[in-house]
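Here the structure is laid out as structure tokens; the discussion comes afterwards.
Chain nomenclature is as follows: A, B, C and D, assigned in order of appearance, with residue numbering initiated at 1 for each chain independently.
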Amino acid sequence: MFKRVLIANRGEIAVRVIRACRELEIETVAIFSDADRAALHVREADFAVPVGPPPATDSYLRIDRIIEAARRTGAEAIHPGYGFFSENAGFARAVAEAGLVFIGPPPGAIEKMGDKVEARKLMTAAGVPVVPGSPDVLETEAQVRAVAAEIGFPIMLKAAAGGGGKGMREVHRGEELASALRAVIGEAKSSFGSSRFYVEKYLNRPRHIEVQVLADTQGHTVHLFERECSIQRRHQKVVEESPSPFVTPAMRQAMGAVAVRAAKAVGYVSAGTIEFLADADRNFYFLEMNTRIQVEHAITELVTGVDLVKEQIRIAAGAPLPFKQADLTQRGAAVECRIYAEDPENGFAPAPGKIATLRFPDGPGVRVDTGVYQGAEVPIHYDPMIAKLATWGRDRGEAIDRMRRALDEFVIAGELRTNLDLHRWLMRHPQFLGGEYDNNFLEKEYRPPTEESLEGERLAAILMAAAAAYKNHSAPTGVKIMALQPPASAWKIAARLDLLRR
Amino acid sequence: MRYIATIAGQDHEFEVEQTGEQNSFRLRLADNRYDLDLRRAGPSSFSILIGDRVFDFEVTGEGEDLAIASREGVTRIVISDLARRAATSRSARAAQSGRAEMRAMMPGRVVSVLVSLGDEVATGAGVLVIEAMKMENELKAPKSGKVIEIRVVPGQTVEKGELLVIIE
Amino acid sequence: MFKRVLIANRGEIAVRVIRACRELEIETVAIFSDADRAALHVREADFAVPVGPPPATDSYLRIDRIIEAARRTGAEAIHPGYGFFSENAGFARAVAEAGLVFIGPPPGAIEKMGDKVEARKLMTAAGVPVVPGSPDVLETEAQVRAVAAEIGFPIMLKAAAGGGGKGMREVHRGEELASALRAVIGEAKSSFGSSRFYVEKYLNRPRHIEVQVLADTQGHTVHLFERECSIQRRHQKVVEESPSPFVTPAMRQAMGAVAVRAAKAVGYVSAGTIEFLADADRNFYFLEMNTRIQVEHAITELVTGVDLVKEQIRIAAGAPLPFKQADLTQRGAAVECRIYAEDPENGFAPAPGKIATLRFPDGPGVRVDTGVYQGAEVPIHYDPMIAKLATWGRDRGEAIDRMRRALDEFVIAGELRTNLDLHRWLMRHPQFLGGEYDNNFLEKEYRPPTEESLEGERLAAILMAAAAAYKNHSAPTGVKIMALQPPASAWKIAARLDLLRR
Amino acid sequence: MRYIATIAGQDHEFEVEQTGEQNSFRLRLADNRYDLDLRRAGPSSFSILIGDRVFDFEVTGEGEDLAIASREGVTRIVISDLARRAATSRSARAAQSGRAEMRAMMPGRVVSVLVSLGDEVATGAGVLVIEAMKMENELKAPKSGKVIEIRVVPGQTVEKGELLVIIE
């Protein structure tokens, strides 16, 4: 086993990997940009190395500095987390060339699955069903129109190098095509450095269902059942659950077998996810493979009992999988809510800032993964996801009951805003409770709640708290509620000093 | 002590007085009177009992602008005592004339400006595109009117709250 | 189902019951003594009623005030938690007489099991093996000497109404008898209001292993396997695990069957625990039944997936058990560490006080149940247990790895002291790792660690942190490290004000 | 700035100076020199880097008496600058004569006093029984000697740190 591992990431996933390492008694090396000196992943690591200024391209995306940090600290392996370099074959190769171990799939598998068009071809050849669409990369608007004429609107325009919900647009009518194409090409260039794109049929009431796989270096490949991720906004997952309420036992078995076949077709090793789209008739089509650990891996861990990150590390160290397919079962059900620093009243625009107060839920069946803490500043430079809240229950109903309870216990306030209210709304929505939803559910159904009209004792209590806090802060006239100076203003000073220093 | 608080655009005038012990207060709101027990459970944590009902709040923010977080979510509130309020509301009314100031909701970079000075725009029309956290967001006109000022250019970095465009 | 439930308890178990209620959409009523006005269980409840001054006998043990609190708030049922009134048949009867539901066993079952001597007789009649000892209550030292002469030293002196490790002493030699007897009689009188006692043989290398049972009002009784609780200090459990590393499958089945028989013999309903002592040859003997939810119930929940507190509530509302014995399985392993506010360097004397800083562990396989928060005062009036830390793993090894990791993440400091170091020591002890321990393990093996000798960078870092905190606090001369005033002193002022007010 | 810190009975004399930026410090300890980066992550949280090594501490306490909590446990430390220290240590020496003061380790109630004034006691002999949190605890003599003062009587409530008995 490795003695020391560098984590080329930040936020909750870096903390998650640190926890896995610590359970394996492996020392950890964090890297950090100047914006993250006091971030949780740095505080929790054994070693930490600065890698540059806040913009990711100058720090978390600097191969040279990351490799140098690993060398300097004597790390033997690098875990890429998700995002950043996790699906970058060039990075994986550079790690290997530096004599280090990349905790993830072989570069060849990353490449084969990374180009979405090539992956479609490969999967078709391996007998894996794919979504109808353009057989190859397209280049012009005219080509798109030709494909659309064949498969019919609505269609999806997708960057060939895309992933994570970026570089894609759905087009419902010919008139929307031109602007959507410009947006996809623009995002593809800026996010992935490649403007290649292709077209897929946009399915009727599609559901996003994916299958987790694990493969070791000895040729064993297993699947760990499915996750349903159809609760999305702008093609970004917001809530996931496992098992899917939509998947039948027969469908589950078929999807698992196809997922294993897909992984084997590219010689896959490590943890990975085969994403499928399912239509209303329970046909399912290969969408893409995520050749990394995923944000939503926790719910699979809760249901199967397998620690996916520890398995990734063990596999990278050459260990065989400690279980066979037949040893794996789903127990109960799990739900995950992604907590974003964003403003629901402002089109879910990122709303980062200082976290003045933070209380996490806990107790039976609740798991929180986070990269923040009370007093932390959520930087503007990175992904606005600040925590993942997952719950487990003996059945789906109990998992949701617990999620409702956990969301109620989750208190966060400060400069930032969050989407907690969306989750609270969702966990009471009859369609979600009935498992009756598809990828369009959130876009169709969710409207930011109008502020509740407060009255009676609740209003009185809120006014009292406000008066107490205000009084405490303002000049010491009249009623003196407490000898305590609230630290909010002191924090602000500290925050400003920090800002000046950067 | 008399206060005025605004929650979701609605004003609430109320009075708080201390009764007996240090933690006992009486709050008068419209025709109602509430007896409250208030404890501070942490720098920003307040526990309130009204009769047997429990209210637990985390109050953050500065000065008059407060955010009150509880199990039910976050309530934003602007509070001041009555004297201060008089002055504040005069200036607020002035600001609420026929003009709309579009400000940056988050720090970011201006990708493109979709309007020109003097353009007439309808409510909901795209005015600016701002990139933040790798996402492009289109800012839409909050009211119909004429673009009388454009403070930014494409490529420019903006801070949260920075004035971008004025429509009148 | 109930609309509103009163919880006649405080601390972590009150919070635990509140969570269960919230998941069942039941409103909760907390009660509190003057010392607990700002306690977590009050803050988390929907309603709260003061029941008197800090001493428990004036508040949490006032039947009249508790019943009145339930009436006044419209609660339909009362959950007693553990300790306080949880095993008090008089309380259970008073609740019923007030027209409310007692969430627990029938008063008759509490009484039958509450008198340890009567319980021994009853169990013997039901064919349940009991520890050799006095067949009846004893009254004089001479009687004790007679029994001792028969069964031989060492013996255990036990209060007939005892439980929870109080009112018991082991006696190894005749000379120790007189003082031990005085202590037991004294503690029995003050804790249980009865000085009746009996004698049991003190087994060779005994292990404390208990079986969780659940019984509904329709006559269904199941067991939820065993917990091993042999890591004890002064007959108080400190660490528990499930499954027991000592129990074989055959022994497990036998213990489960005996436990169900024991519960049925007293017409048991609700959650309860049959405690056994096992000797080195794996013979096991009935010790007593705890007719309540136990502190260590969380590890059974982690391993079986059953929410015991929610089942208690459902059973009290008349619902049948939603599973049969055959539906229940043990998955993986769980360990629980009880975190006490006590001073290991001072004979584990309670060391309560203000919690200045508190960081709970989280992430995969970790569960924390607590009644405190950062800034809370641990009162001197009640049990010093401030949190329960439980971990789950696919096997015992992983559960322990996770516990080690979770203990490392657990940061607590302030006026109080804790036994965290004991747990850190234990989770690295070869005998514990090997599952080779008995009830005497801690007493024999544990010595408070001598302070590690600090050196090099670690010493330098500690000195730097101390200098920074000191500098910050003292007069603003020399280096100014931060604009922030540490709130410690402000807290202190607030704490003193609080004290004056009480 | 020069300090002296006592940890587990051992004195450490060291010097801290700020170097360059606000967060950079140099610490001299015996013949060693350490360059540190110090950040405050919260009111009592300090993150320190020495080279690439991470140290994360929660520092609580007041004035000179500090508790430093980390993943490795809690380290108690008494710190002062050198000038103050000189004064303190003189009075400390005076207190450390041949007498032992037994103080209450926790708040509680005196159940019984097992010795009388003038008794000679051996180290480890029971002196007092105190009840706290429903547990009776026997306080034992920390040294052998004569009981020269008894400050409490059975039934009395005592505060933490309160002087109970003096043995000389």
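Just so we're on the same page, a residue touches a chain if its C-beta (ideal position, glycine included) is under 8 Å from a C-beta of that chain, and two chains touch if they have at least 3 such contacts.
The model shown is predicted, which means the values in this text are computed figures rather than measured ones.
Between chain B and chain C, the least number of touch steps comes to 1. Comparing the chain pairs A-D and A-B, the larger number of C-beta pairs in contact belongs to A-B. Chain centres here are Cα averages; for chain B and chain D they lie 48 Å apart.
Rounded to a whole number, the gap between the C-alpha centres of chain A and chain C is 38 angstrom. Look at where the CA atoms of chain A average out and do the same for chain B: the two points lie 31 Å apart. Along chain B, residues 40, 43, 45, 53 each make contact with two or more other chains.
Each of the following residues of chain C touches two or more other chains: 44, 359, 373, 408-409, 482, 484, 487, 494, 497. Only residues 1, 3, 5, 7-8, 10, 12, 14, 16-18, 25, 27, 29, 32, 34, 36, 38, 40, 43-46, 48, 50-51, 53, 55, 57-64, 66-75, 77, 79-81, 105-108, 132-137, 160 of chain B touch chain A when the two sit together in their complex. Residue ranges of chain A in contact with chain D, taken from their complex: 29-30, 37-38, 42-49, 72-73, 373-376, 487, 494, 497, 501. Within the complex formed with chain C, the residues of chain B that make contact are 21-23, 37, 39-43, 45, 47, 49, 52-54, 56. The residues of chain C lying in touch with chain D in their complex are 166, 183, 186-187, 191, 234, 343, 346-347, 349-353, 356-357, 359, 380-384, 408-409, 411-414, 417, 420-421, 424, 450-454, 456-471, 473-474, 478-479, 481-482, 484, 486-489, 492.
Only residues 15-16, 19-20, 22-25, 44, 298, 301, 305-307, 331-332, 359-360, 362-370, 373, 394, 398, 401-402, 404-405, 408-409, 482-485, 487, 490-491, 493-494, 497 of chain A touch chain C when the two sit together in their complex.
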